[in-house]
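Shared chain: subunit A. Partners: subunit B in the first complex, subunit C in the second.
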Partner chain A sequence: MTEMGAPRFWRNIQQRYRLTGTRCDTCDTTYFPPRQLCPECRREGDVEEQELNGTGTVVTYTTVHEPSPEYEGDSPYSLAIVELDEGPRVTAQIVDDEIQVGDEVEACFRRMGEGGGDGVIYYGFKFRSLD
Partner chain B sequence: MDDTGIAGYGGYVPSLRIETREIARIWGEDPDEIENGLGVRQKSVPDLDEDTATMSVEAARRATDGEDSSRIEAIYVGSESHPYAVKPTATIVGAAIGATPGMTAADYEFACKAGTAAIQTGAGLVSSGVADRALAVGADVSQGAPGDALEYSAAAGAAAFLLGDADDAVAKLEGTTSYTSDTPDFWRREGERYPQHGERFTGKPAYFKHTINAGQNLLGELDRAPEDYSYAVFHQPNGKFPVKAAHQLGFTEEQYEAGLLSPEIGNTYSAASLLGLVAVLDEAEPDDRIFVTSFGSGAGSDAFSFRATEKIEETGDSKLRDDLTDVEHLDYAMYARHKDKIQEE
Partner chain C sequence: MPRDVAVIGAGQTEFGEHWERSFRDLVVTAGVRALEDANVPGEEIDSLYVGNMSAGQFVGQEHVAALIADYAGLESVDVPATRVEAADASGGLAFRQAVLDVASGASDVVVASGVEKMTDLGSTDTTEALAGSADREWEVFPGGNTAALYAMAARAHMTEHGTTRRQLSNVAVKNHENAVGNDYAQYPTSIDAETVESTAYVSEPLRRFDCSPASDGAAAVVVAPADEAEKYTSEAVDVVATEQASDSIALHDRDDITTSKATRRAAKRAYSEAGVVAADVDVAEVHDSYTITEVIAVEDLGFTEKGQGGKAVEDEVTTADGDVAVNLSGGLKACGHPLGATGVRQVVDVTRKLREEHEVGLTHNLGGTGGTAVVSLLEAR
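Up next is the complex of A and B:
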C-alpha cells in the first residue's frame, strides 16, 4: 500500500476502518464502496450512509504465494471475495490459515501495510472465520 | 466517583499461543522448572498484522457494541507499546468506533497500569459532567529479549471499558485509590527495543508493596473486608505473584481464580488486570462486589471496588471466552518469525 500515499488513504478512512457504505431506501440496495447516486433509481433514489455490520460469507478465494513487497513475510495469505450480509461483495484478506467457500466470516481490524519503517501505518478491515 | 460505572466492556486476546515449555526447550532450560516456576503454561502471540492499535480497536468494538459511539467524549489508551512514538493510538480507536471528532483523546504510559489510570481519568470526567461517556483501554504487545526471563511471559491482549452514569452501569464504581512511588524496578530507555529490570526490585519492594498498600488503603477507605467481595483481580505478570498477593490481602482461591488468566495467556502488561476484570464481569451476578488492583513498574498500583448491577444480566458474553478457547499453537521457529516481524517496526 506504500504507493497509495497518505492523503488518498485518509479520504477513505470511514470505508477502511468502519465498513461504512450507503443504502438506497427506494430500491432497498446497499452499496460498498459507498455510492452517492443509486444507479438503479437515479434521481428517485433516497441514498443515505449505512454502517455495515461486517459479517458475510466467502464466495471464492485464492491463496497468494508471492505477495507484493509490502506483504513480504506475511505469505502465503488468502484473498477472498466476501458477500456481506447486506448484499455488497468486497475483496479482502482472510486472516485464518484455512478457509473454505461458504465459510461465515466477520470483519476484523488489522494492519494493511505501512509507508516504510518510518512512515505512517495503514489500518483497515480484513476478515476472520466464524466457523 | 460512585455516581459512575462500567456501561460496557470488552476484551481481546490474539488466537496464537506458544507454550513456555517450547521456549524453554530452545534455550536448553528445564521445561518443568520454567513452567512451574512462572505458573505460566502458555502465552498469547500477536499475528503479523496485529499491534496495540488493532487489539485496542477489537476490544473497544466489543465494549461499545450496540452503544451510540457519538456519546463517547473522551478516549484514553494505556500501553507501553503504542505503534507510534508520536501519534496517539486513541485517535485510531476513536475513528474505528465512530467516536471522532467530538471527543478528547490521549495515550497513557505507566508500564502495566496505564489502562487503569485511563479508567480513573475517564470516570473522573464522567463524574464531573465533562464527558457524557468515556472509553478507557489497556493494551500491549509486549517484548522480551530472546533468552531473557521476560520472553517466557511477555504476551499480547487488550481490554476496553465504556464508562458512564451509574444508572446505565453493569457495574458501579464504588471507589478507587492509588499507591505510587519512585521505584526503579523495570524500565526501557527511549529508543531501546527491550526493557531492563532491576532484579532486586521486581518482587517485594515493587509489585507486592504497591499492590498490597493500594489494596489495603482501598479496603480501609470503604470500610470493607476481603470477604465482602465475590471476586478479586490482580496484575498478573506470571501465575505466581497474583496468587501470593491475594493471600497476603486475605482473599481466597474462590475469589481470585475467575480473574486469573496469566497461566493460559501470559503477561499482557497494560491489559493484564483488565482482562481479568472482563473475565470476572462475564461471570458476575447482580450485587457481586469486585476488587481490582493493577500494578505498573516505576511504580504504582490503582485499586478499584466495583459492584455488579441488575444490568449485568442483560449484557451478552464479551467473546473473551472464545478468544481463550479457540487457539492455535506455534512452534518456536514460527514464533521467532512473528517476533522478528514485530522487531522491524
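Up next is the complex of A and C:
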C-alpha cells in the first residue's frame, strides 16, 4: 500500500529530525510543519524558518490498538496531540504508557519504522513525559 | 440558487459485503433504480457525477466516471461524466455538483451517484486506505489513522464537556435500532450498550462498535429543474440549499478539536439560504463514521447546544420520535459506509422520508475528520 518512499521522507528530514517549522513575522505566528504561505496572511505574510525547542503539553491522546500496517508490530501505543510551547500542535506518539491531558512532554528522536521495498529506515520524533 | 432544483428519483443497492458483485455492477444497479424511480430515459440525461473516494486503492481502478458512463449505457447517448473526490464526503459533493449544474442552467437532468467497493481488500489495507483522508505526512506517518484521530476528539469531548462512554454507546444503539426494517442496511439488528462496550478497543476510548463498517454499495439520485419535476414524477422533493465548507486537513490544527468548523460553516450558510432554522428540521441523515462524529455533528448542526451532543439520545432530541430524527436509516454505523456512496445514500434516505410524513430534511456528509463538510436541505412538496 502507501509507502513513504525515500524521496518523500528525505525532503522532510529537517522537520522530522530537528522540528524545523516556519514563523510568519507579519502576524507573529509559528507553524509546524513549515508552510510556504502563511494561512492567515497569505501573500502578505513574511515567512521564515524557525527551529522549535521541542517541549509542549498533551492536549488529547489515545491508545491505538488497530494501527496502519507499518505500526502493526508496535500496538498498542500511545498517540497524542501535543501543543508545542511556540504554539503549533502536532500529532505524535508518546513513549510513556501512562499519560494524561495536560502532561508536559519533550520531543525525542526515535526510529519510526522502515520501508519494505527499499529498506529505508525512517526516523522521527516522539515525545516523552517531563513529569 | 439561480434556478430551483428538485430530486425526482432516488435509488441504491443494498449496503454490505457484495463478494459476487463488482464496482461497476453496484453503481449501475443504483443508477438504474434511481432512473426507474424518476421515469427518466437515458437520452434525457445531460450529465453524470460520481462520488468515489478511493477506487484506486480499493480496486486499482481510476478513471471511474468514464467506466461508469460506459457500463451504464450513457456513453452511447453522449453524457459527460465527472468523478468528484473529498474522501468520504465525495458523495455529498457529487450531489452538490449535480444540483449546481442544474441550478446554473447548464444542464437540465443530472444524475448524482456515489460508489465504493471496499471489501475486495483485507481490513488492514482498508484502514490504510481510509487513512488517506487524513494528512499522510503529519498525522498518518506518526502513527495516526481516522479511528485514532476520532478517538482523540472523543477524549477531548469527554474531558471538556463531560461526555461519557455510555453516551457514545447510546449513539450506536439508537442507529442500530433505526436500521431494523431497512432492507438496504448492512446491520439491521438491535444491539445494547453493554454489547458496544464489550467489543475490542480500536483506539481508546473507541471500540469496534463505535466504528462504521467497511461496506460495498452505491446510491444515485436524479435532479432536475424544480418547475419541470412534475413532468417526471409526483414524488419530487425540493432541494432548498446545498452548501460546502472546508477546515484544516489535520485535526491538530483546529482551534477546537471538539468542533467541526466546516460543519458549522456549511450549516450556517444552508439554513440562511433555505430560510429555515435548525429547529425546523424534522429528519436528518448525519455523518456518524464513529459515534463521536454524530455527537459533535448534532451540536454543530444546531440540534443541541455546544457540549450537549452526548445527551442528545438520552434526552430524546435525536431519537426516532425526538425533535429531529437523526439517522432513521441506521446511519453509517448500521446502514453501512461505502465511503463515496454515503453522501448520495443520505439524500436517497431523506427523499424517502420526505415523501412520507416528514417536512424538512437535512443531510450532513464529512470528509475524514472534517476537512470537508457538505450540508444540504430538502423539503417535501
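Please note the rule applied: the second predicted complex is superposed on the first by the 123 of 131 C-alpha atoms of A that agree within 3 Å, B and C clash if a C-alpha of one lies under 4 Å from a C-alpha of the other, contacts with A are read in each partner's own complex, and residues count from 1 in each chain.
Criterion: contacts are C-beta pairs under 8 Å (C-beta built on N, C-alpha and C of every residue); 3 or more make two chains touch, one makes a residue touch a chain.
This one's a predicted model, so the numbers in the text were calculated from it and none came from an experiment.
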| item | value |
| --- | --- |
| Overlay on subunit A: subunit C relative to subunit B, clash or fit | fit |
| Subunit B versus subunit C as contact partner of A:13, first or second or both or neither | first |
| Partner chain(s) touched by A:51 [first = subunit B, second = subunit C, both, neither] | first |
| Once both complexes are placed on the shared chain, angle at subunit A toward subunit B and subunit C, C-alpha, multiple of 10 degrees | 150 |
| Touched partner set for A:81, first subunit B, second subunit C, both or neither | second |
| First (subunit B), second (subunit C), both or neither touched by A:23 | neither |
| When both partners are placed on the shared chain, which of subunit B and subunit C touches more of subunit A | C |
| Which of subunit B and subunit C A:59 touches, first, second, both or neither | second |
| Partner chain(s) touched by A:108 [first = subunit B, second = subunit C, both, neither] | first |
| Subunit B versus subunit C - smallest C-alpha distance in the overlay, whole Å | 13 |
| Shared subunit A contacts, counted only where both subunit B and subunit C touch the same residue | 74, 112, 126 |
| Residue ranges of subunit A touching subunit B (in the complex, touch as defined) | 13, 17-18, 51, 73-74, 95, 97, 108-112, 114, 117, 121, 123, 126 |
| Touching residues on subunit A, where the partner in the complex is subunit C | 1-2, 4, 8, 12, 33, 59-69, 71-72, 74, 76-77, 79-81, 89-93, 101, 112, 122, 124, 126 |
| Subunit C to subunit A touching residues, read off their complex | 57, 124-125, 127-129, 131-132, 136-145, 147-149, 151-153, 155-156, 159, 200-206, 250-253, 257 |
| Touching residues on subunit B, where the partner in the complex is subunit A | 47-51, 53-54, 57-58, 61, 83-84, 92, 95-98, 328, 337, 341, 344-345 |
